[in-house]
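Both complexes shown next keep subunit A, but they swap its partner, so subunit B is in the first and subunit C is in the second.
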Partner chain A sequence: MMSSKVETAKNGLFKNRSEFLQKFLAFGVLIFLCIFFGVLTGGNFLQIDNLLTIALQVTPYAILGFGLTFVLITGGTDLSAGSVLGFGGIVCAKAITLGFSIPVAILIGILTGVLAGLINGLFITKLNVTPFIATLGTQYAFRGLTQLVGQGKPVSIRALGDEQITKVFQFMGGGTVFGKIPFPTIIMLITATILGIVLSKTGYGRRLFAVGSNEEAARLSGINVVKTKLTAYIICGATSAMAGILLAARLASAQSNAGSGYELEGIAAAVIGGTSVIGGEGGILGTVIGAFVMGVLRNGLNLLKVDAFVQMVIIGTIIVLGVWYDTSRRKKQAESIKPVKNCESSK
Partner chain B sequence: MKKFFSIFLTCLLVAAMLVGCGATGNTGNNSSNNGTPSSTPANNSGNDKVIKIALVTKMVDSPYWQTVKKAAEAKAKELGNVEITHLGPPTEADIDKQVQIVETCINDDYDGIILAACDKDALVEPVRKAKEAGIPVIMIDSGISEPIYDAFLATNNVQAGAECAKLMAELIGGKGQVAIINFAAGTQTAVDRETGFTQEIKNNYPDIEIVGVQYCNSDPTVAANQATDFISAYPGLKGIWGANDQSAIGVAQAVTEQGKTESVMVVGFDNSDDIKAGLKSGTIKGTAVQMPTTMGAQGVQLVVDILGGKAPASKDVDTGVTMVTTENMNDEKMQAILNQ
Partner chain C sequence: MTELLRMCGISKSFPGVRALSNVSLSLNAGEVHALCGENGAGKSTLMKILSGVHQADEGDIFIEGKKVSIDNTKKAQQLGISIIFQEFNLCPHLTVADNIWLDRQPKTGPFVDDKKLIEKTQQILDELGLSINPKALVRSLSVAEQQMVEIAKAISFNSKILILDEPTAALTQSEIDSLFNIIYKLKAKGVGMVYISHRLEELARIADRVSVIRDGEYIGTYPYKEVTIDTLVHLMVGRELNNKYPVYQRKIGKVLFEARNIASNKVDVEHIQVHAGEILGIAGLMGAGRTELARAIFGADKTFHKEVFVDGKLVEINSITSAIKNGIGYITEDRKKDGLALNMTVERNVNMAFISNLCKKGFVNESAAKTNADKYINSLRIKTPSMFQKTRNLSGGNQQKIVLAKWLCNDIKVLIFDEPTRGIDVGAKYEIYELMNRLSDNGVAIIMISSDLQEILGMSDRIAVMCNGRISGVLNREEATQEKILRYATGLCDEEGKGA
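Up next, the complex of A and B:
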């Protein structure tokens, strides 16, 4: 039974009918929302400019969500993702102000994220701290480091006074190519493609699902659980930093509070897109869809001139509904494979 | 400036009176604060004992607090017989350290304390102790939850919001739609600024419509997204007010990305590097700058006044904001304010 569960985890795209349903549902919801807002705003919502605006708006959340998808699939979580976003962004900006070239600064920023992810991963795999607690702690620690780098203030590229650097950096965060397509959105789609392939087509992806479905079984079948998990946290750190660099680039200024609370946006995007918070299930395409569902909701409600507080209620409710659907589906699934469940709970 | 002068003059008068009539400082103004530690009257001629004032800020080496310190020192020099010692914890979060610093100040016989509280509750007890020891305490920037201090010098955010509204009205010619990106829902400072802005528009500019308020949690990216959506939802939008530094930066970014720098007026708040860059490039048309220099200088003056037996006219003193705009930003005075 156990091995059959590991078996089902092999196909990362659509593992089974219910996951297909969830993906389909998320996509259906997205289409429905687009039509719904399109009609209510008299077509304003569906204008190409507005749709591209949404694409730019969801980009950082989606990129953050990719790394979180990896971590969630292992059955873990990363509450520090938002802080790592801020940390990576501010280190990159600081590097530029210190005179490093933009590509080198970006590399430094991403390495900062990798290092942060490694620290998270080591706490979780080597010291056996629960992911929730470990990353709650590092959430504070990385935010503190971010504030230290910025001395509590934003690191402004504009203040350097070098027009050229500001222009190039800002292009990365908000520039457009091929007409009006936002550059960061293209980066997001490339990242999604690469990580999607890693997840669904590589041995690492299969091991990740195996570890998330049943860690013990994965260990017994010879998978290096520690290495698999560690890599997931490192990927999460790297994507978080990437999102942070893009945010800093858009404003040509890295804020020391950038990304506060974004980890929850990323988790919401992943979950709405069909990634399970209990692990073992998920996909990058779903996270892209999930991020767009959130972005479309925000933008559509804004265009409909819905009060800011009412919007919070609506968005919150939709997240809960998404998770509720996910858990109830999981429960049904678990009931249909009782022996595995018993086995899991007895360990 | 007028207020500042009148206080200064009154102080001079009181001092002259004290010198004239010996120690009878009983003008009608006397407050509950009668615990002047020694017989040191405030004497601007500078022959008496030096007045030692502790300036305790939330941090020491941030530019903002350095500005306060410089202003306080300049004032001390002007008065002649005042000595300022600048103290503070390493970061704003070191509340315990700030408590210890204030307690040490009491033992170190400072004549007065100027304090920006790291925490509104934790600093109540130290302030009470100082008051019991007869040391006047002037709060600046950030107050404490019980009004046991002698005076509180800070920006009146309602008034500051109203100033922003006036500038916005001027920029858009007194009519049209404007939107607000506030930085937090339910934080007192944010509520005050928003109230000031909306009241001013409502009372004095009937042709201006505030189409909505969004809260960006001091996240410029969120502010940019919200501002973009406002621009999409209201094609005729004339202006957007960002109620703090990060909100304004986000709004300016959105307006730039949408190519609306000339049709959508952006008014901001505070004077960070990014705001200054926005003013320079014209994406931000004006910003409300708070006056830490006034806090520093007036704080010193008030301590000296109190030691001289003159209580502040009012416990809550508005240090005001100055509206720096693309038009006036190159004036020498405005440059000084912008770079304070």
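Up next, the complex of A and C:
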């Protein structure tokens, strides 16, 4: 019969050609942009220091994007991710100023995100509010809670007056290891690895894709759709809070407006990396690449002294073009249905 | 008789595939021209060329003797060609009138003239003898009524050529009758119709001529009266199918599945039981509650009350998970809508209901997953270039086998098939029937819901007929006839309280 083993070996890392093409394209764009800016800035862009700065800058967007990738794969969205980022960050900072140790404070911050994600997920799965509306509402609510915790002001760790704690906290947010590598970037890469494995190697990952691809089919196959979706929103809440904590740590101060608008950056990163906004497709590696594409664009345009407003126009255009390309590719793929006769020859 | 349409030497290739080569078709005014061929033979491609969705690589199209080029769907519409697809192109949230006159509503100034709109709609509906309210929302109509709206829309364009793609696939017997009445009316009006269908029995009632295509090649055109179903099938598949249903002696064992007092909003069934190795057919008209009964048994819908026994033991089934755990599987009627994740690979779909068994500490054992998928691809003869092919790219028959594989992975005792062969071509149907027989041989209790009476009669050991959410009668294989089933299904006779 069919020699599916040969196929497996041939495909290796990627399950099919289009998946490979997608990753390759996003990666190709990234390389192209690096060379493009490298040439235009006379090599300044490609200096190690600058590249590491980019890595540090994209870290919060990337981490936020990981959680959003999970949510997008279910076919949902989370517009409250930016607010949860601010909320998690400020709760963590507040916990430190109240005298909790740093690890405990981080845990409290992340739990805040988990709780926020749980609330989003319950609205969506149990009360059947569409994700867009549910998280639009919680975007306001969580931002309000953030402001309430900080009483409209930033929560500063420095105000605590403990040099040691400030130093440790700041290291988490902007310190370097192995020479010049930013610590948060390491955290980001570790998170990417873990979540990437969850997505591609675990039963949960399979269920998530199944739910996103056809929710009813998944349900009728005995998959617990509510639990699967709820978990995705919880992961999104947790990664949002994580990004918020790292951002607060860098400044040793949690801003009450931190992360406002970041959810769109995170969604853009995921989408550029090949995650489908209608669900069922996506991956963490793509989101990492997508976040870097955004970061490289911003940094390169800065180095070229392009006006900030013009930058927004350029980045916005690139997102739309990227998604347009992706949608048209998918459409073409769906139309090129191969009849069975082709298959018989492979017997 | 005037010739409306002539398509000559049509060829069309898609990247890597020759979909049509040198196909011809002609259509007279007032004629129903049946177009037959297996799935993937090229019927739909030919019709898409006629309706302007695709353009032919070679060949000419003449309409009323004049050579035309159909560059887009708009052009086809102007030429009086309308196509009614299997999936309707209606806006469910709009009214019947708005759908029919979409973007062509009569206006006074910039405003839609509602009165005139309703009037014009009513006129068309009357012409077709339809009792549909022009102001009704399309989503509130039944599938059959929605199809009528599609036909009314085609008439509103003054279409002379109407293409019907599998119009009866989702209809019940009485709905088919009323569809045919409309087709007779259109014939009398001089409309020419190309009629695509897998249900060869019903063609005899309406078709004047039949054309057969096989693997993109034109086989021939015959006056319908001069061909038998057997020759047609032979022409379509290119080989002799001796029997539509495999002859099989079933070994029926003890009662494997039994349910009492299944009550929900739509179902009220007192008793149903299926033996090991038995196929219980469930017949009935659309809306009789057959699918609802299946979903209730499977734990997919809430029920007020039910007692289920599997293998003699009382089990509680309050969720899909508990149904699967107790060995009950359900193959849904619409595999594209709720049976398969079309954008996912064959392997992922086969293993979808089996994931937890493939996991160790949450991680999927990939090689076990591949072995499992490979096993079912081989044993069910699923034709796919690789297990990593997207299911979207497979034919209906192969997709149906994947849904079946999904349940065979689990140690299934009771399997519910809902319309197992809808939209599947003759050859693949036979294979599905053989697989059902193999399952029954292994002692699986099968419940088969079908709107195809031939299928019900050909495959079932016993037949339960449903009407208004209740089982109105049970027939043995020997005593069952189409007429008897229909009498029970329409509620003409009702053995109240009788269980299956």
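Simple rule for what comes next: the second predicted complex is superposed on the first by the 317 of 347 C-alpha atoms of A that agree within 3 Å, B and C clash if a C-alpha of one lies under 4 Å from a C-alpha of the other, contacts with A are read in each partner's own complex, and residues count from 1 in each chain.
In this section, a residue touches a chain if its C-beta (ideal position, glycine included) is under 8 Å from a C-beta of that chain, and two chains touch if they have at least 3 such contacts.
These figures come from a predicted structure and were not determined experimentally.
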{"item": "Partner chain in contact with A:I133 - subunit B first, subunit C second, else both or neither", "value": "neither"}
{"item": "Contacts of A:N257 with subunit B and subunit C, given as first, second, both or neither", "value": "first"}
{"item": "Chain touching more of subunit A, residue-wise (subunit B, subunit C)", "value": "C"}
{"item": "Contacts of A:V104 with subunit B and subunit C, given as first, second, both or neither", "value": "neither"}
{"item": "Partner chain in contact with A:R158 - subunit B first, subunit C second, else both or neither", "value": "first"}
{"item": "Touching partner for A:R206 - first (subunit B), second (subunit C), both, neither", "value": "second"}
{"item": "Partner chain(s) touched by A:V310 [first = subunit B, second = subunit C, both, neither]", "value": "neither"}
{"item": "Residues of subunit A contacting subunit B in one complex and subunit C in the other", "value": "none"}
{"item": "For the subunit B and subunit A complex, residues of the former touching the latter", "value": "59, 62, 91-92, 185, 211-215, 217-221, 224-226, 228-230, 232-233, 245-246, 249-250, 253, 257, 272-274, 276-277"}
{"item": "List of subunit A residues in touch with subunit C within their complex", "value": "1-2, 4-5, 7-8, 11, 15-16, 201-207, 209-210, 213-214, 216-224, 280-281, 334, 336-344, 346-347"}
{"item": "Of subunit A, residues touching subunit B in the complex", "value": "44, 49-50, 53, 57, 60, 151-154, 156, 158-159, 174, 247, 250-253, 255, 257-258, 260-261, 298-299, 302-305, 307-309"}
{"item": "Parts of subunit C lying in touch with subunit A, wherever the complex brings them together", "value": "14-17, 19, 40, 215, 298, 300, 320-321, 323-324, 330, 332, 337-345, 348, 351-353, 355-356, 358-359, 362-364, 366, 370, 373-374, 377-378, 381, 383-390, 392-395, 398, 406"}
